[in-house]
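Below are two complexes that have subunit A in common, paired first with subunit B and then with subunit C.
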Partner chain A sequence: MRGPKIGLLQFFSLTLLFELGTALLVNVGMVSGRDAWISILVGCMAGLVIFAGYAYLYKLYPDMPLSRYAREILGKHLGAAVAILYVVMFMNTAGRDLRDGSALLVMATLHRTPILVVGALMILSCAYVLHKGIEVLARTSLIFLFLALSIGAIFTVLALLSGEMEWKRLFPVLGDGFLPVAISVVRQNYMFPFGEIICFTMLMPYLSNDRKGVWVIPAAMLLAGLLISYTSIVNITVLGSDMVERSPFPLLSTISKLALSELIQRLDILVVMLLIIGVFFKIAVFYGAALVGISDLFGLPYRTMIYPSALIILFSSILNARSLTEHLDEGGQLLSDVLPFFTIVIPTALIIVANFRRYRSASRPG
Partner chain B sequence: MLRKLTLFLLSGVFLLMLTSCWDSIELNRRAIVSGMSIDKDLSKDQKYTVSFQVVVADEISGKNSRGNSPVVLYSGSGRSLYEALGNASRKVARYLSLGHVRVIIISEELAREGISDIMDFLERDSGMRLSSLLFISRGQPAKDILSIITVFGKIPSSDLVQKLETTSKGFGFNFKVETDDVIRGIEAKGAGAIINGVVVSGDQESGGSKKNVEDIEPKAILRTSGLAVFSKDKLVGFLDGAEGKGTSRLYNKLQQHDSIIELGEDNVAAFNIFMVHTTVKANAKDPEHPIINISIGQQAGLKESSGPLDLTRAEVLRDLEKRLSEQTKEETEAAVKAAMKFKSDYLGFSEAVERDNPKGWKKVQDRWNTVFTRCEVNIKVKSVIRHTDMRTRSFQSKTGNKKGGSS
Partner chain C sequence: MKYSEYINRGGKRKKASNETSSKIGQGAAPKISKDLKQMLDNIERELGASPDLTIRHVQIGGEDPLQAATVYMDGLVNSVAVNDFVMRSLLENSVVTSPDMSRVPEEILQFILNRALELGDAKIKSDWNDMMIAILSGYTLILLDGCNKAIVGDTKGGEGRSITEPSSQLVIRGPKDAFVESVNTNISLIRRRIKSPKLWFEFMNIGTVTNTDVAILYIKDRADDKIVDEVRTRLKKIDIEAVLESSYIEQLIQDKVFTPFPTLYNTERPDVVAANLLEGRIALIVDGTPFVLILPTVFAQFFQSTDDYAQRFDIATLMRLVRYISFIILLLGPSIYIALTTFHYEMIPTPMLISLLAQRENVPFPAAIEAVLMEIAFEILREAGTRMPRAVGQTVSVVGALILGQAVVEAGIITPVMVIVVALTGIASFAIPAYNLAIAGRIIRFGFIIVASLFGFYGITLGLIVLVAHLNSLRSFGVPYLSPFSPFSLRGQKDTLVRVPMWMISLRPHKTKNADNTASIDDGLSSSGKDGRTDA
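Our next item is the complex of A and B:
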């Protein structure tokens, strides 16, 4: 693909922030109770396996986004239909993440601000960065990664020194056997946030180095898995698994418990910052993936569709649910029923058909 | 030119948005609530009376002080806490801001009927923090606890927090109990919460005005008193003395305390006990009859010896160590017995059982409060007397020894 390229470090930070995004804040894997941290790690491993498939497709077509090689493999019409499905899915997921972010913000701090205003400001800032280009988004991510990691460092120091962590709340490990963990992984953890890496198939052609580039994403996924699992451990040791399970936004409750004597306390604002940073990159990446798809499919310049798409994402975020409860419920169904179709079924079909075609063309030389 | 002007104006508009003041309430429109008390309402159609101790900032900072009371108490009643908050709010000129509530006091009367409904509000509200401390007012209306002017600090709630902190670090067995601790206690199977008791002793009438601190001896004094223990969310009793000490020790919250051994008439040794560490482990091969193994390690420094003990000899100290261990064991046994009497496993033995035998725990969890009373409890105590402070023998012991030698 022509155009600007993204460096490895920047791609790494973009992937990492994307993966951390909302997963750091909402309660991930709590179907498995106090073993949530294990199901996150298992989910991460499953995500890496899924990513191997995307990497394989990338190796075959290193300078094409998914929307183009789908047409290459499946033929013009079927391929275009699949690509449109993906664009719709990316926009819908961007809308869902926008709703996640704005709903949590309104619930936790901005009680009386209309959700539309919060969402509009957020999507406008995403649109602005994407207007500057995907590579600007990647560079921005590097700056914000430092901010996010320093917040993480402060959080860690606070958690360790405040004495609120009770390690025994993590035990017994796997008390109910492996089944709840497996259920949690299948229902949620391998898709959220690891399967969502599918949208990077749209951005990978921008990688400046296609040999090393393939390794940057799994490295970021692995690190993200470890960080999310670690956060989940801190949440459970501070609050206890039952309370985490009942919280839509456990990290905020956790940090409200942490304090260094009278001096350092009430650092809730750090978590709110983390929420805004994470949600921003999550939306921006899905949004950017959709834009790349649209411009590739319809041959439009990339910038033309930025503001129309922003409107679609904003309104789908507002209209898709009445309440946070309904929204989260819908999200759970999407993760277990719909997303696997996009992240596993279609890519697998693409790999099989691509190989079949290559086999056919190779077996009939000349 | 026009384009530049438009851009300039537009960025000005966005600057305004950056303040995100849609939700802002200026400080001078807020009334900071430092403490909350929850009582049972006596009238038929209301359920709670909630009082808010509000800080009057002008009186604290001194510049615009009119010499009035530094805090004010506003009350409201309602069928739920939120309704009571609303009713109280109508009496206050400012917006009641719950983000800085340090203490929440629940009356004993209400606690005996159950506190689940209260806890839900305290946990759910995004304005409240989970780190507020809970207390049970012992035999008094909870409101009385908040209407005492205290000596140290102008805000009585902060004074109570500091009292709790100092007693938990030395001499006392009370420890910090925050909102989430109580909820975890209620949630645990066959268990219950545990909350500090608090009382006002002295002349309650004059405690509420500044007269209370005008004399050398305060007329009314606020102090922590005992541990209130619950079965599920209902208060079942208070633990004092040995039971309280033992319970706090089982929670691993007893950091430093005093201990006295009576060796005979006019022969008392007093110790400062520190570095107490308790581990509770279960052997639940047979989940119907679990065995709980408690091991306690503690260090002591001798503070007082009014008898003829020759403290230069190591075996004398060994003997004292043994007595100390025995006393600790008795206290712990008393605590366990009390819990079994109340049929409430607030001591957290269930967690130990679950850790030891997760599958067996599944079978007994729903009737744990009866299984719990059948637990066999083994207590092992190891005490070490590290030193006898600044002297070895007592000056009394020298005379005692001489007498002993001459006779």
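Our next item is the complex of A and C:
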């Protein structure tokens, strides 16, 4: 693929921010109660296995995005149909994340601002950054990763010094057996946020070092899994699993409990900043993946479709669901029923067909 | 490159574009005449019989003297040189040393040049444009009757400002000399610091009317050849009538026009230029201004100062950090205050919040309006102070800062805390060594005030993301503007946020051969080439 390449470190930071994105804030794996942190780690492992499949496809077609090698493997028409499905899925997910983010912001700080305005500001910022190019997005992510990690460090110090953490809230580990963890993993954790890595199949051709570079993505996924799991542990030790289960944004509740004497208290805004950064990069990556897909499918220049796509994402974020409850409900269904089709079924089919074709063409005489 | 050579190049360049723009001599050929009187008339007519044009008739040779003349602009030449070297050699030397002088004027001219003229830099010219530019640059023309060529002798002189202390980039410890308006003096200031045969420079002639000399300086083998070539091509593309300051050049060759951030560094300190040359950068010296351009430039460079290298590394690091922090205060100070007081007051400790609210009670405006009003007042004060005569300047600061600031609080228009915030951002803007970066920060600050007043920290965070993305999209001659932060390079960190001890710094540029970096530089150059064309 032509165009600017993205360095390994930048790719790493983009993946990490993408994975942390919303997952740090919302309630991940709460079906498994106080063992959520285990289900996150297991989900991460499952995600790594799924990613191995994408990496395999990438090894076969190192300079093509998913939308192109789908057509290469499945033939022009079927492949194009699959590619369009993916583009729609990416845009829809971007819209869903936009709704997540703007709903949370309206809930947390901007109580009287219309959700459309909040969403519009976010998607316009994404459009601006993507207009500058995917490479710029990746380099920007590097700087905001530093910011996000330093917020994480502040959070950690605060949690340790405030004396609110009670380790006994974590015990007994696996008190109800492994079953709740397994259910949580199957319903949610391997897809969110780790299965969503599927959209990086559209961006991997930009990787500057295509021989050895792929490992940065699983490395980032693993680190993200550890960080999300760690956050979950802190949430549970500070709040107790009961409160975490009932809280839509446990991190926000946690940080509001942490304080150092009179001086440092209510650092909620740091978490909100973390949320904005995470949501931004999540939306931007999905949005960018959709744009790469569109430009690849229809042969359009990458930049022409930025603002039309922004409109589609913005309105789909508003019109997808009538209320936040419906939105979250839809999200759960998508995660368990629809997303696996995109992240597992189609890639598996692609791998099988690709191998079959290679086998046939190899065995053919001549 | 010698003057005479570049004058040739300039002449060629002009001939090529002669059709499009008016030149000193249209239709060069007919103006040159073998007849001395005719030729002098032509020159006088061309220059509008200017009173400072000096024509001195002389006679060469003993019995049957040959008519000759010297032509120069009074005030541009060094009269000692003209009197002692040109006139004496024509009047004395040629007579004494030429008993068997040939009678062909061309040969006499050659003879004068080779045997008589006591000048270091002298050439024979036959092109009308070259002669005109030479006269206007302070050269002396020697014309002979019956010959259509002329000797052009370097007698440049005239009054210029002498080297003084820099007026804009002051240091506590470090060299005290600054550039002046003459390009030759400026080059000598750098040559004196870098006594290396590798220090190369080239001249270019830019400006169809002003014919301004622009020198490209670099250290061969340290500067990237690709970037040197790119500078040359961009300079050649410039089509402008007048170059009166290096900022003219800066605006015509920068990668991107629509950005508040400077992508070329300018300085009037020779030591800064020398250090940058040693780091592999390229300097552009423009005649007529003490401000020298340095490129390619990265963001971190605007936070460096000569002082950093004169002080111990730990002190220097502290100073660096102070500068970065003041840039952040400059950008975000008022907007964070607005966001805190309008959207996120729960973050302010309660006792402080109570005192803040008590202040706000008497004030009619929301915090955003307050901030904008105060910032505008501050900008007006600053603008008024800049060009004030020194005697009046004090009045401005007393009336503005003290009286206005106090009265506005007592009248209950602005809260005292807002005055503190605005004053702090104002002072922070002075802590940044580079004036043009501070201006960029001041402009962007207003954008942040607006988004903060509408969206609080949400707006500020998104604004920061957009700002960083914008900075990331900038390139200066192909080099990413935010390097070495992003793309990240560990080696580059030695002299950016911190300054490590001197023994760890090597000036030599690290041309990392990893695919990452070089690819992006190539890419940047090719894409900026397009931009450059639209700009210039």
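Definition applied: the second predicted complex is superposed on the first by the 365 of 366 C-alpha atoms of A that agree within 3 Å, B and C clash if a C-alpha of one lies under 4 Å from a C-alpha of the other, contacts with A are read in each partner's own complex, and residues count from 1 in each chain.
Keep in mind that, in the parts below, a contact is a pair of C-beta atoms (placed from the backbone, for glycine too) under 8 Å apart; a residue touches a chain by one contact, two chains touch by 3 or more.
In this text, all values refer to a predicted model and were calculated from it rather than measured experimentally.
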| said: Going by the contact rule set out at the top, does A:243 touch subunit B (first), subunit C (second), both, or neither? | reply: first
| Who does A:113 touch here: subunit B (first), subunit C (second), both, or neither? | both
| message | For A:272, using the defined touch cut-off, is the partner it touches subunit B, subunit C, both, or neither? Pick first, second, both or neither. | response | second
| request: Mind working out whether A:70 is in touch with subunit B, subunit C, both or neither, as first, second, both or neither? | output: neither
| task | Pick one for A:209: touches subunit B only (first), subunit C only (second), both, or neither. | result | second
| message | Residues of subunit A touched by subunit B versus by subunit C: which partner has the larger set? | response | C
| In the superposed arrangement, does A:168 touch subunit B (first), subunit C (second), both or neither? | first
| query | Once the shared chain is lined up, is A:176 touching subunit B (first), subunit C (second), both, or neither of them? | reply | first
| message | Once chain A of both complexes is superposed, is A:257 in touch with subunit B (first), subunit C (second), both, or neither? | response | first
| request: Using the superposition on A, tell me which residues of subunit A are in contact with subunit B and, in the other complex, with subunit C. | output: 109-110, 113, 121, 265-266
| Which of the residues in subunit B end up touching subunit A in this complex? | 17, 20, 22-23, 99, 123, 126, 129-131, 178, 180, 183-184, 187, 351, 354-355, 358, 361-362
| task | Show which residues of subunit A lie in contact with subunit C when the two form their complex. | result | 4-5, 7-10, 105, 109-110, 113, 118, 121-122, 125, 128-129, 132-133, 135-137, 139-140, 142-144, 208-209, 262-263, 265-269, 272-273, 276-277, 280
| message | Could you list, by residue number, the parts of subunit A that touch subunit B in their complex? | response | 107-113, 117, 121, 168, 171-172, 175-176, 239-240, 242-243, 253, 256-257, 259, 265-266
| said: Can you tell me which positions in subunit C touch subunit A when the two form their complex? | reply: 343-344, 346-347, 349, 455-459, 461-462, 465-466, 468-470, 472-473, 480, 482, 485-488, 515-516, 519-520, 523
